[in-house]
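Each in structure tokens, the structures are laid out below.
There are two complexes below, and they share subunit A, which is joined by subunit B in the first and by subunit C in the second.
Then we have the complex of A and B:
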């Protein structure tokens, strides 16, 4: 007699079912765990990226800050006087003039116009109304001690023609104070003009989270997040703190005395993540302190 | 006659399969742990590099604080411990031109593998 009962017995079936359930259970747990770890890894990498970017970008933005100096020997009425690039210096906010480019004059400067040869205007962007400029005053070309950089504000930008007929960028400018009446006549044709955008960096709150925001004051822009999220001001260390130091490393009171800006940036992860050594989910943070020495030279 | 048609896996086959599966799963878990460690090391080195960068900037400020530049007594070889990172900086003797000085900052910190030394070398203008 041949028994042709193929298939599984009930017991086999049950054992197989239990085993399969166990294997699937373990695999699923591993998968979930892996997903959680992977999410934490992404968050941690993002956090590091964030604070590193903060250190780099802020340093590059602030490094060029300086002040305009007008030496007595320049013969300009308002000497000595300085017009600092640092306009507001608070622990959570600063306003500064960021250089956006340079150009060279191609006609004799007047009290209301600086005409730059178009091919020499180079920089991150073209000059715009609202930007400030510093123009070089050569005076006596035989000596550098009477050289000065004077400050003005661009009221409008248009097209023009150079003395030689080549295209030019015409900057209508307004000098501050008595300098405007004296300085243009002492500038040489071909002298350099730097243009600056007034920028603001601010620690602010938006959408329940704290950010480092940036805004063009010249262009009347609105604050936009540059990086974050940063730690809230209620948490032990505030998310962003600027410190202004003078030449001796002591806290500076006046913008002209600032030689170094130090800041602490404390980034946080976007959400609660699993952190090393703990099973519980928590927001992780990373605080980074760095500083930048300002160029702050005569220009 | 009863025909036994016992198909299925032998014990050895099952064991080999389990071993292979285990090796695969371990590799997965291991690689994930490795990535975690690498990110941890990145965190340490990020902090250490910023300590070194801040030191260089501080030395630049000190170098520019005097006329002529680089003559401040503070512009010299020294060491400190900042934010748990041990740093030592070396200011080179003046170059023949006198226009610049080489500066090295050596930071020492701990990570999962042990002590790590990183050197940041740059030039500070003195002219």
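Then we have the complex of A and C:
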């Protein structure tokens, strides 16, 4: 029996081939374009998230920075002294006393112990050995002009009991200098005690990329990336720049004069992206400038 | 005859569906990323709004200190203040804890809510505040910058008194003071009260009166909803009496009353305690019972019967004459001054390291 089947003609095949090629080509181009857009969007979202996080985290970290002083009228010093929280203030590096919490004494402070009512301890974390404290000295309660803050190092942390029987956090402390012998007697029960660690924020390079890193100087920690990647520093471009401003908004030279810290973060995408409408692959960047007013500067 | 075309299998549909699925997945991924980004951005905004509300709450609590009557808190006690809604859906809820005689911790929880009443973000800040020291008050029962005409039935006593109407004060007597002290009009005695100036004091007044004649007598009042002293009532100047009939809730309320006009006339008597500041002249027509400190930047004229001031009066006006007549008693009392000045004291953030980030 003779078959009536017929094959495609060459013309039909060619036409079909051209059509299929065109459809596949268009689909492929569409997919690739979509993928680029999608990847670019995800990278940009990550980039925005990165710089936004930088603005928030750094602001939270720096907002509580301040200064304290020991006036002569406190009877603790023969000449006035000011102790700023800003220890190093460079454009790419910042070292500071980072407040980690506050508590209030519930027994009379001694030369070796500050006992804080446990329920009053507020902060990012509990105090720990190696932290430093700064304790409020009331002296004469009839005047605020002789108020002072004195510093000590926490040698150990334990449990204790307040005068009223409620639980307490017992801080064994070591003052430096003659202050330790004089200050506790001038502290009032219920006075505030802040505990802090010395931290460093630094713009640095690791693994071929630039980062904002942080480390605890008090704990002898190593620098670890906090956020990034940031733009590499080239001529005229920096991934991170800190600026220190005084009360008039002018650049401050001395830590005591700083009232505001501004910074510009220039984040970059984790990899090269091809933006819509451009063929070239490139690392995209986004800069964000922000600032924080230091809440605890001298009034 | 069989239709051959029914057996044919094309791939266009499959290709199209495949392409649609892939494109859809990519679009969905981009949409999800964008959506997450948008939500993160909104979360950041809400957190900032909550933080702003918290800061506003702490600042406002300190600014409204006198009106809130927080000085009567016992050490260790906490007063939870009502929630206040600020712009949009942000709100703050402060709480004040007394740490000791001088120090307070003002905590403020700021929230950003949604339309359904849920909370989108919350932040808490705190301020360590201390009471401003108003000192111990004047050195005499009546301190003036201009001469005084004193009536024959007037009693001005510098003997340090512990008694108030209907009861005794709970503190030790001090030294006897002069009944009358004349100082220069520019004396700092009229300008500074402890570490606080007259202008700072009046800026913290809980009750501000215009140039007026008070025809209704000030008297202690209790809030209708709660059995607490009504600090929102401008006619409530606290309870200076210590008898069984006195308004118990207002015994610890010592407002700062400031009369900003050129004259304050207290025509209908009344009673109160705290600090009364008068920008101009003060005229009291009788039946007025006050415990604490009265400072007039002008002169004073006291007449009528049964006016008693326990504490001290100061009149800084250098022109004209002061007149104290009728059956007026001005009784110096360091104890009453101490109670009134410490009770009327307002809080200020510590000079250093007052601000606390609460996590």
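The criterion applied here is as follows: the second predicted complex is superposed on the first by the 270 of 299 C-alpha atoms of A that agree within 3 Å, B and C clash if a C-alpha of one lies under 4 Å from a C-alpha of the other, contacts with A are read in each partner's own complex, and residues count from 1 in each chain.
In the analysis below, a contact is a pair of C-beta atoms (placed from the backbone, for glycine too) under 8 Å apart; a residue touches a chain by one contact, two chains touch by 3 or more.
Note that the coordinates shown come from a computational prediction; the quantities given were computed from them, not determined experimentally.
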For A:181, decide between first (touching subunit B), second (touching subunit C), both and neither.
neither
With the two complexes superposed on chain A, say which partner A:45 touches: subunit B (first), subunit C (second), both, or neither.
both
Once the structures are superposed on A, label A:289 by its partner contacts, choosing first (subunit B), second (subunit C), both or neither.
first
Taking the superposition as given, does A:30 touch the first partner, subunit B, the second, subunit C, both, or neither?
both
Looking at the overlay, does A:141 come into contact with subunit B only (first), subunit C only (second), both, or neither?
second
In this superposition, which partner touches a larger number of subunit A residues, subunit B or subunit C?
C
Using the superposition on chain A described above, determine whether A:18 touches subunit B (first), subunit C (second), both, or neither.
neither
Considering only the touch criterion stated at the top, classify A:219 as touching first (subunit B), second (subunit C), both, or neither.
neither
Please work out whether A:90 is in contact with subunit B alone, subunit C alone, both, or neither, and reply first, second, both or neither.
neither
Would you check which partner chain A:66 touches, where first means subunit B only, second means subunit C only, and both and neither mean what they say?
second
Both subunit B and subunit C touch subunit A; at which residues?
30, 34, 37-38, 41, 45, 48, 52, 296
Listed in rising order, subunit B residues that touch subunit A in their complex are 1-3, 5, 25, 28-29, 32, 35-36, 39-40, 42-43, 46-47, 50-51, 53-54, 57-58, 60-62, 64-65, 83
Would you tell me which residues of subunit A are touching subunit B in their complex?
1-3, 6, 30, 34, 37-38, 40-41, 44-45, 48, 51-52, 55, 59, 245, 247-249, 259-260, 262, 276, 286, 288-294, 296-297
In the complex, subunit A residues that touch subunit C:
5, 23-24, 27, 30-31, 34-35, 37-38, 41-42, 45, 48-49, 52, 56, 60, 63-64, 66-69, 99, 102, 104, 120, 122-124, 134, 136, 138, 141-145, 147, 149, 164, 188-192, 194, 295-296, 298-299
List of subunit C residues in touch with subunit A within their complex:
4, 12, 15, 19, 22-23, 26-27, 29-30, 33-34, 36-37, 40-41, 44, 47, 75-76, 97, 99-103, 105, 126, 128, 130, 132-133, 135, 194-195, 348-359
